[in-house]
Amino acid sequence: MATVPLLADEAAGAEALAIFGDIRAKRQTDYVNNFWRALAHDPAQLRATWDRLQVVMAPGALDPLVKELIYIAVSTANGCSYCVHSHTAAARAKGMTPAQHAELLAVVAMAAQTNALATALQVPVDDRFMA
Amino acid sequence: MATVPLLADEAAGAEALAIFGDIRAKRQTDYVNNFWRALAHDPAQLRATWDRLQVVMAPGALDPLVKELIYIAVSTANGCSYCVHSHTAAARAKGMTPAQHAELLAVVAMAAQTNALATALQVPVDDRFMA
Amino acid sequence: MATVPLLADEAAGAEALAIFGDIRAKRQTDYVNNFWRALAHDPAQLRATWDRLQVVMAPGALDPLVKELIYIAVSTANGCSYCVHSHTAAARAKGMTPAQHAELLAVVAMAAQTNALATALQVPVDDRFMA
Amino acid sequence: MATVPLLADEAAGAEALAIFGDIRAKRQTDYVNNFWRALAHDPAQLRATWDRLQVVMAPGALDPLVKELIYIAVSTANGCSYCVHSHTAAARAKGMTPAQHAELLAVVAMAAQTNALATALQVPVDDRFMA
Amino acid sequence: MATVPLLADEAAGAEALAIFGDIRAKRQTDYVNNFWRALAHDPAQLRATWDRLQVVMAPGALDPLVKELIYIAVSTANGCSYCVHSHTAAARAKGMTPAQHAELLAVVAMAAQTNALATALQVPVDDRFMA
Amino acid sequence: MATVPLLADEAAGAEALAIFGDIRAKRQTDYVNNFWRALAHDPAQLRATWDRLQVVMAPGALDPLVKELIYIAVSTANGCSYCVHSHTAAARAKGMTPAQHAELLAVVAMAAQTNALATALQVPVDDRFMA
């Protein structure tokens, strides 16, 4: 269970409900997932998070699917179970293939491994890597 | 400084030197960066890491540049300074533009933020996100 | 389930039982939560943790509620589900309002985000921030 | 060094420069710290971060100093050296006393310790801690 | 639930099944645990992980039980619930006593605590600790 | 630089100085390392940390060297540069050989890798791993 009740539509205030409506419209589904229902206790945070998420995840110099892969990578490294599940589902919805998922995990695992080695060895940064 | 001396070519054993040679050949540069010189104290680990890295980062279902972006994302979340520097340099060498770098950071920051929110709220995973 | 059985009063040794008694007396409740029942396998650790916790969380230059907020912040960043739940409950018992909870989460999310940005950018510390 | 050049006023674009001006005005100092100069490569991120930071850190249900203490706690748990330095300096500027600093660190250390114990023991959350 | 279905023997491909067979033979049990069944979607990763694990965890300069203790320590710090459970079970199978488990946890907790203090204080490394 | 000045003997109060004396006597060296000099601003924390450290790291069911290896593992996973350096030096002082150091790093790297895989796959814990 969450540390706050998940707000059903009936329990959400007008401001939160308006954002739920926006989520439904933009995502073309009636389903509002638990993250937003937990955030709804703080409509200002709900609004700020939802607004920023749309800007950040929109197509740009990087493809939306690539952005989801990056999101999964960060969520994995941060150990956020909810986020790993929700963004793996989102990546699949955006077309992630099993082969892409497998390669993503291989890179994440490799990075975790060499991160640990570089930290345990306290390797100094090469001058040429400095911007 | 590292927790072990960085091995110059003269100090490296035959096995490590052979791998340095392979790194030089594959990367088409005489430069062997500090990570490998620190790992060279354990030629078996050096070999395993270098061999696996080539497999994992090779073109496949994901583009090599995308893999570098994922590597930076994980290294950032794990707080590995060396890895952030070296893989940002590697991503640039593979063509990462300033706009792509900026979008990568925006996604990493967004993920870090919602990871924290989902964890603080202990949001339960929606049934529909389960595979 | 825990990696060790949670010790009921009947299963706890005399030393652990004495500490359970102290927890009950100080907290004015008969309930001993799972953390202490898991720690009870190592009475010395149980004693050291319980004793230190009382010193650290006592009123001082910081208010006990502020200390609980800090505890939640650290537990969130460390991804400790048990600790997020137990200290959110403790903060509420000490008077944390929904508005304070919301602001706490906003700061934690903001910090997680700028932590990620500063790490990805490897920003050098300004001279003036040095003590 | 950072993974991007820190932008001096002369190198910053008009949009970034306008935000630098806002930072100077709000903070009543000519000094713009390195974090903002690194972020200035992406004026949209700079704007979003600076705008949100002001909202989040403003006086509200929690005191601005308490918010800085929480920021330090998260930055410590996330291992962000820049952020620990900059927010410790900010907390001092907002009146943090040595005694408050010491108590903050005591709580952060205690939380880190019990987070580790709860995770190693995989303690299940008590029913009564559920919201 | 996992982000991929756990592959039963009937669902696993020939390559994964061969590795399952190797796991069964080496571990002298018919039981193949969930980690390998989840990894089996990527037989190359399954093979690389299983092969490397055997090399790394084999008796050498460190005892296999000591290696399991180190594995638990890392898994705890990384907040990996599955890994804490599976390696605590593995350590017990290799002879870990309750007293050794308790001392392991005491060291992990102590390290987590002083890690936090050293990071919050940003203590510079003593010259004499440099290799 | 640290977020507090490192206290030289001349600047330390009587209580901190007494603990410095105890560190010198127990370690049979005149050198007091930076961690203790930073902690000395809070003599109560200095005392609590030093006292507990001696208990935790003393010979018991685990060898003191094994405890140092566990300490390095946790410090690496937590990304604490100071702690990695100081405990690698401590482990060497207690007899850690280069081969033991190499095996420690191999296990730490392996654990970091499988931690990431298990988290990205969200593998459910096998019933038989439950205590």
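Each chain carries a letter (A, B, C, D, E and F) given by its place in the written order, and its residues are counted from 1.
Methods note: contacts are C-beta pairs under 8 Å (C-beta built on N, C-alpha and C of every residue); 3 or more make two chains touch, one makes a residue touch a chain.
Small disclaimer: the values here were computed from a predicted structure and weren't measured.
> What's the overlap between the neighbours of chain B and those of chain E?
Touching chain B as well as chain E, we find A, C, D, F.
> Determine, using the mean of C-alpha atoms as each chain's centre, which chain is farthest from chain C.
Farthest chain from chain C, going by C-alpha centroids: B.
> For chain A and chain E, what's the span in angstrom between their mean Cα positions?
For chain A versus chain E, the centre distance works out to 26 Å.
> State, to the nearest whole Å, the distance from the C-alpha centre of chain A to the C-alpha centre of chain D.
Between these chains, centre-to-centre, one finds 21 Å.
> From the mean C-alpha coordinate of chain D to that of chain E, what's the distance rounded to whole Å?
The answer is 34 Å.
> Can you list every residue of chain E that touches 2 or more other chains, as numbers and ranges?
1-4, 45, 49, 52, 55, 74, 76-81, 84-85, 88, 102, 104-106, 108-117, 119-122, 130-131
> For the complex, give me every residue of chain B touching chain E.
These residues of chain B touch chain E: 1-5, 44, 48, 52, 55, 130-131.
> Which residues of chain B touch chain D in their complex?
Going through chain B, the ones touching chain D are 79, 84-85, 88, 98, 101-102, 105-106, 109, 116.
> Could you pull out which chain D residues touch chain E in their complex?
72, 76-77, 79, 81, 84-85, 104-105, 108-117, 119-122
> So in the complex, the part of chain A that touches chain C is made up of which residues?
Counting only chain A, the residues touching chain C are 3-4, 41-42, 45, 49, 74, 78-80.
> Can you list the chain E residues touching chain F in their complex?
1-4, 6, 31, 33-35, 38-39, 45, 49, 52-53, 55-57, 60-62, 66-67, 69-71, 73-78, 80-83, 85-89, 97, 99-100, 102-104, 106-108, 110-126, 128-131
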